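Please find the structures below.
Paired with chain B in one complex and with chain C in the other, chain A is shared by the two complexes that follow.
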Partner chain A sequence: MLLMAVLTAALLILPAFADTYILSVAILILYFAYLGQAWNVMMGFCGQLSLGHSLYVGVGAYVSAALFVHFGIQPWLGVWAAVLACMAAGAAIGVLAFRFGIGGVYFALLTIAFAEFTRIGFDHLRWVGGSGGFFLHVAQREFNDVLALRGSPAMFYYVMLVATVAAFVFCAWLLHTRIGYYWQAIREDPEAAQALGINTFRYKMLAIVISSGMSAFGGVFFAFYYNNLFPEQIFSMSRSIEIILGPIIGGIGTLFGPILGAAVLTVLAEGITELMAAFGWEIPGVKQVFYGACLLAVIVFVPRGIWPALARCLGLESRGKGPRDG
Partner chain B sequence: MPLELVANVTIAGLLTGLVYGLMALGLSVIFGVVRVVNFAHGEMMTIAMYAAVVLFAAFGMDPFIALFPVAAVFFLFGYALQAGLINPFITRPEHTQFMLVLAVAIIMVNGLLMAFGPDARNVPVDYALDSFGIGPLLLDKVRVYAAVAAVAAAGGLFLFFKFTPTGSAIRACADNNLGAKVVGLNVKRYYALTFGLGSACVGAAGCLMVLLVDVTPVLGPGYTLLAFIIVIVGGLGSMAGALLGGVLIGVSEALAGLYFTPSAKSMFSFALLILVLLLRPQGLLGKRS
Partner chain C sequence: MLEVCDLDLYYGDAQALDRVSLKVDDGSIVAIVGANGAGKSSLIRAIAGIEKPRSGQICFRGQDITGWESYRTCDLGIGQVAEGRQIFPSLTVQENLETGAMLHRARASRRRILTDVFTMFPPLAERRSQLAGTMSGGEQQMLAIGRCLMGRPEMIMFDEPSLGLAPTVVHEVFRAIRELNEKGMTILLVEQNVAVSLKLASQAYVLENGKIVMEGRGETLLTDDGIRRSYLGL
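After this line comes the complex of A and B, so read on.
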C-alpha cells in the first residue's frame, strides 16, 4: 500500500521536476500502457489474438485529425466519432471472423490482413494526405487547452495519465462483472463455455468492440500529441507488435502487466539508445538486436510475464488471474 | 492496353509466383507439421538472399549453384533452431511461440542491417538481361530458370514426403501426433527435421529470388506476410496448394502493378487472403478438417 501511495505521488508530481526528455519517455510509457490495456481486453481476457491493433489506433487518429483539419471539429467531439468508427471497424472484423468460426492463428492473420489493407488504402487516400503524411497545425505551447488537446507536454502527460488510470479501473471492473467471467471462460475453453450456455459469439464481439473503442482514444492522443500522421508508420505491423509486446512481457491477462511491460520495454529501448550514444556506436540495427535479445531472454526465462513472477516474489496474490499454462 | 504486354506481365508474374510458391512451401511444411507460426520466415528468406549476394561477390558463385550450399546450411540452422529453441515451446500457448519466433526475427532483420547496411544489393549475373522470345512473348531468362528450379525443388520435396520412410514418419506426426508417439516415433526429432527441410526450401527460394529483385534487410516482414497469405490461400498442408497460391499471388501482384500502381499491389493479395479466409478457410486445395 505504501509503495502504491509513493508511486501515485511520484506520478502526480513528475512534470514538476522532470525535464522534457524524461517527460516524453513517461508519456510514451503511459501511451503504450494504455494501448496494451486495450489489447489485453481482447487477448488477455477473452483469448482472441489480434495482431492488427494498429488499425484502430490509425483509424482513430485519422478520423479525429481529419474532422479537426477539414471541418474544425474539436477533438473532444472528434474522439467520439473516432471511437464509434473504430467500434464499427472492430465489429465488422468480429462479425466476419467469429461468424465464420475463424480462430487462433487464422484470426491473428485476418487482423493483420485488415490492418495492412487499410494502410495501403490510406496511402492512396488523397483527402488525408496519402503516403505524404497528414499534418495538424503545431500546438500553441503557451497556454493549455485540455478540451482542444493543445498545450504543453505536461498537459499531454496528465491527459494520458488519467486515460491510463481510467483504463485500468475500467478493466478491473470488467473482470469482476459477468462479462469478465464469461470472457475468461471463453479464453480457457471456448467449447466448454458454449456448452454452459454462454453466447460465445456475443461476448467475443463485446471484447473486440470494447478493445477497438479503447484503442481509438490512443490514436486521437497520438494525432494531437505528434501532430503528424503517416500511414506507413501508424498502420504498420511493427506498431501493432509494439502495442502487444508490453502486455505479453508484463503478463498477459493481468491488470498490472500492460503497465509494467510498457514501462520495462520503453525504458529498455531508451536505455539502449543512450548506451549506444555513450559508446559512440552509430551502426543502424544494433539497438534493435539488443532489444530482440532482451525480448528473447524474457520469453525463454519468464514466459508468463514479469508481473506474475514479481507478484509471487512480493507475496502479492495475482489479481488479474492470468491464463493457465497451456 | 496491348494484349502482348498483358500476356508478358502475366507470365512474368506466374514465373515469379513459382519462386514465391517454393518459399511458401517451406512455411507450409513447418506450419502444417510443427504447428508453429514461423514469423521469421521472410527474414530467413532475406538472409538466404544476402548469402547468395556474398557468395557471388566473394567466389563468383552463380546463385543456381549457391542454392545447394545455402539450402544445406539452412537445413542445419532450421534443425538447430527447432531442436534448441522452439521444441521446449511446443506445448505452450500460441502467442508465446509467436513472440519467441518474433524475437528471433527482430534479431535477424537488424543483424542484417548491421552487417550490410540499408542499401539494396543484387547479384549481377551476366545473363541477367537475356530473354527467350516465343512469338510476341519475351520471357526473362533468369525468371524461367528460377521458376524451373523452384518447381524441381518442390517436386523433390514432394517425392521425399511421399516415398521415403522418413517422409512418411513426418506425415504421421502431422496427421496424428499422439498416434505417432504411440508407435514410437521421436516426434521432436521429426519436428526438428521438418523445420530443417522448411528452412532449406526458403534458403533455396532466397537464392532464386535474389535474381529477380534487389535485396534490402527490411524486405523480411513483407515476405513473411506474403508466405502466410500464399499458404492460407493455397491450403494448409497441401504442397500443390502452396505452388498454386504462389502463382495466384504472383500474377495478381503483376497485374495490379500494371493496371493500378505498383504500390497498391499487395492490397490485392490481402484482399484475396480476406476473401479466402471467409469463404473457404481451408484454402483452395486444402482438406476440410
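After this line comes the complex of A and C, so read on.
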C-alpha cells in the first residue's frame, strides 16, 4: 500500500525533477506499457496471438495525422476517427480469421501479412507522403494545449500517464466481467469453451476490436509526439515485436506485466545505448540482440514472466493469472 | 426429450455418422457404446452443435435444432461434459464453475446452483480457490461435471467420463451420474466401459463404423452373445 502511494507520488511529480532525457525515457516506458496492455487483451486474456499490432498503431497515427494536416481537425476529435478506423481494421481481420477457423500460428501469420501489406500500401499513398514520410507542423507554443496535443514533454508525459492508468483500470474491470471470464475460457481451452456454450466467435471478435481500438490511441500519441511518420518505421514487424516484448517479459495475461515489462526493457535498452555511447562504440543491432537475450533469460528463469514471480516474492496474489507454463 | 433422425456427418469425405437415429426419453439414462472410432464422440459433437451434420434432423423438446451453434444449444439446456475433462487449468475451481454459469438460463440462479454443486462434490468446495490444473484427474472430472451443472442443463451428454481415471475414481464418477439421474436429470452417456454403462442405462445403442447396429434395454444387451463377445471379452 505504502509502496503504491510512493510510486504514485513519484510518477506524479516526476516531470518537475527529471531532465528532458529522463522524461523522454519515462514517456517511452508509458507508451510501451500502454500498447503492451492493449496487445495483452488479445493474447493474454483471449489467447489470440497478434504479431501485427504495428498495423493499428500505424493506422491510428496516419488517420489522426492526415485529418490534422489536410483538414485541420484537432487530435481530440481525430482520435475517435483513428479508433474507429482501427476497430474496423481489427474487425476485418477478425472476421476473416475467426469465421474460417484460423487460429494459433496461422492467425499470427495473418496479422503479420496485414501489417506488411498496409505498410506497402502506405509507401505508395502520396496523399500522406508515401515512403518519403508524413510530417506534422510543429509550432512553438507558450501554453500546453492538451486537446491539440501540442505542448511541452511534461504534458505528453501526463497524457500518456493518464492513458496508461486508464488502460490498466479498463483491463482490470474487463477481466472481472463476463467478457473477461469468457476470454480466459477461450484462452485456456477453445473447445471446452465452445462446449460450455460460449459464442467463441463473438468474444474473439470483441477481443480484437477492443485491442485494436486501444492501440489506435497509441498511434495518435506517436504521431503528435514525434511529428513525423514513415511507413517503413511505424508498420514494421520490429515495431510489433517491441510492443509484445513488454507483456511477454513482464507476464502475459497479468495486469501489471505489460507495465513492468515495458519499464524493465526500456530502462535496460536505454542503459545499454548510454553505455555504448560512453565507450564510443557503435554496433548496429545491439538493441535487438539485447531484446533476444532478455527474452531467453525470461523463458529460462521465469517462464510466466517477471510479474508473477515478483508477486509471489512480495506475497501478492497476482490478479488476472496468465496461462500456465508450457 | 431428444430425438435424432437419420443423421449423416462427414469430416471432408470421410463419413463419421451414417443415418443414425436415436431417442432419449425424459429422465432416462441412454448409453451409446462402441469401439474407438465408431463415431460416439462425433454424435455428441453433432448434437451439441460443434460439428454440422450433412443431413438428418436433431430435435430437442420438439424443437428442430439441426445445425444450431453450440452456444444456442447450451442455452436451450443441452449440457456437455467433454472427453478428456477440458477444465481450464490456470483458473481456480470457483472461476471454472462460474464460467459455466454465464448462460442466460443460469445467470440468475448462479449462487444457488453453486451451493448445490458444492454439496454434491464437497472436495470442490474445499479447493475452490485452488488452480484447477493442480488437481487430480478425479477431482478435475468432478469439476467438469460441476461446471456443466452450473449451466442448469436439462440433459447432460457425457463423453467418456471414465477415460484415464483410476478404478475407484471411475466408480465415484458413475455414482455421481446415477445420483444426478435419480434427481431427474436426463443423461446421454458415451462410454468404452461397456459393462458399467449398460448396467446403468435404461436404453442403449451400439454404434459400429458410424452406424447403429443394435439397440435395446441395457440389461438385454448385456446378455446378448454378440455384445459379450465383441465388447466384454467373454
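Methods note: the second predicted complex is superposed on the first by the 318 of 326 C-alpha atoms of A that agree within 3 Å, B and C clash if a C-alpha of one lies under 4 Å from a C-alpha of the other, contacts with A are read in each partner's own complex, and residues count from 1 in each chain.
Simple rule for what comes next: a contact is a pair of C-beta atoms (placed from the backbone, for glycine too) under 8 Å apart; a residue touches a chain by one contact, two chains touch by 3 or more.
Model, not experiment: these values are computed from the prediction.
With both structures placed on the common chain, the touch criterion links A:Ala18 to neither chain B nor chain C. When both complexes are overlaid on chain A, the residue A:Ala148 reaches neither chain B nor chain C. Touch counts on chain A: comparing chain C and chain B, the chain ahead is B.
In the superposition on chain A, chain A positions 323 are in contact with chain B in one complex as well as with chain C in the other. For chain A in complex with chain B, the residues that touch the partner chain are 43, 49, 96, 100-102, 104-106, 108-110, 112-114, 116-117, 120-121, 123-124, 131, 237-238, 241, 245, 248, 252, 283-289, 291-293, 295-296, 299-300, 303, 323, 325-326. Taken together, the chain A residues at the contact with chain C in this complex read 178, 181-182, 184-185, 188-189, 191-199, 321-324.
For chain B in complex with chain A, the residues that touch the partner chain are 37, 85, 89, 91-96, 98-100, 102-107, 109-114, 117-118, 217, 221, 225, 228-229, 232, 261, 263-264, 266-267, 270-271, 273-274, 277-278, 281. By the touch rule above, chain C contacts chain A in their complex via residues 48, 50, 69-71, 73-75, 80, 82, 86-91, 95, 98-100, 102-103, 131, 133, 147-148, 151.
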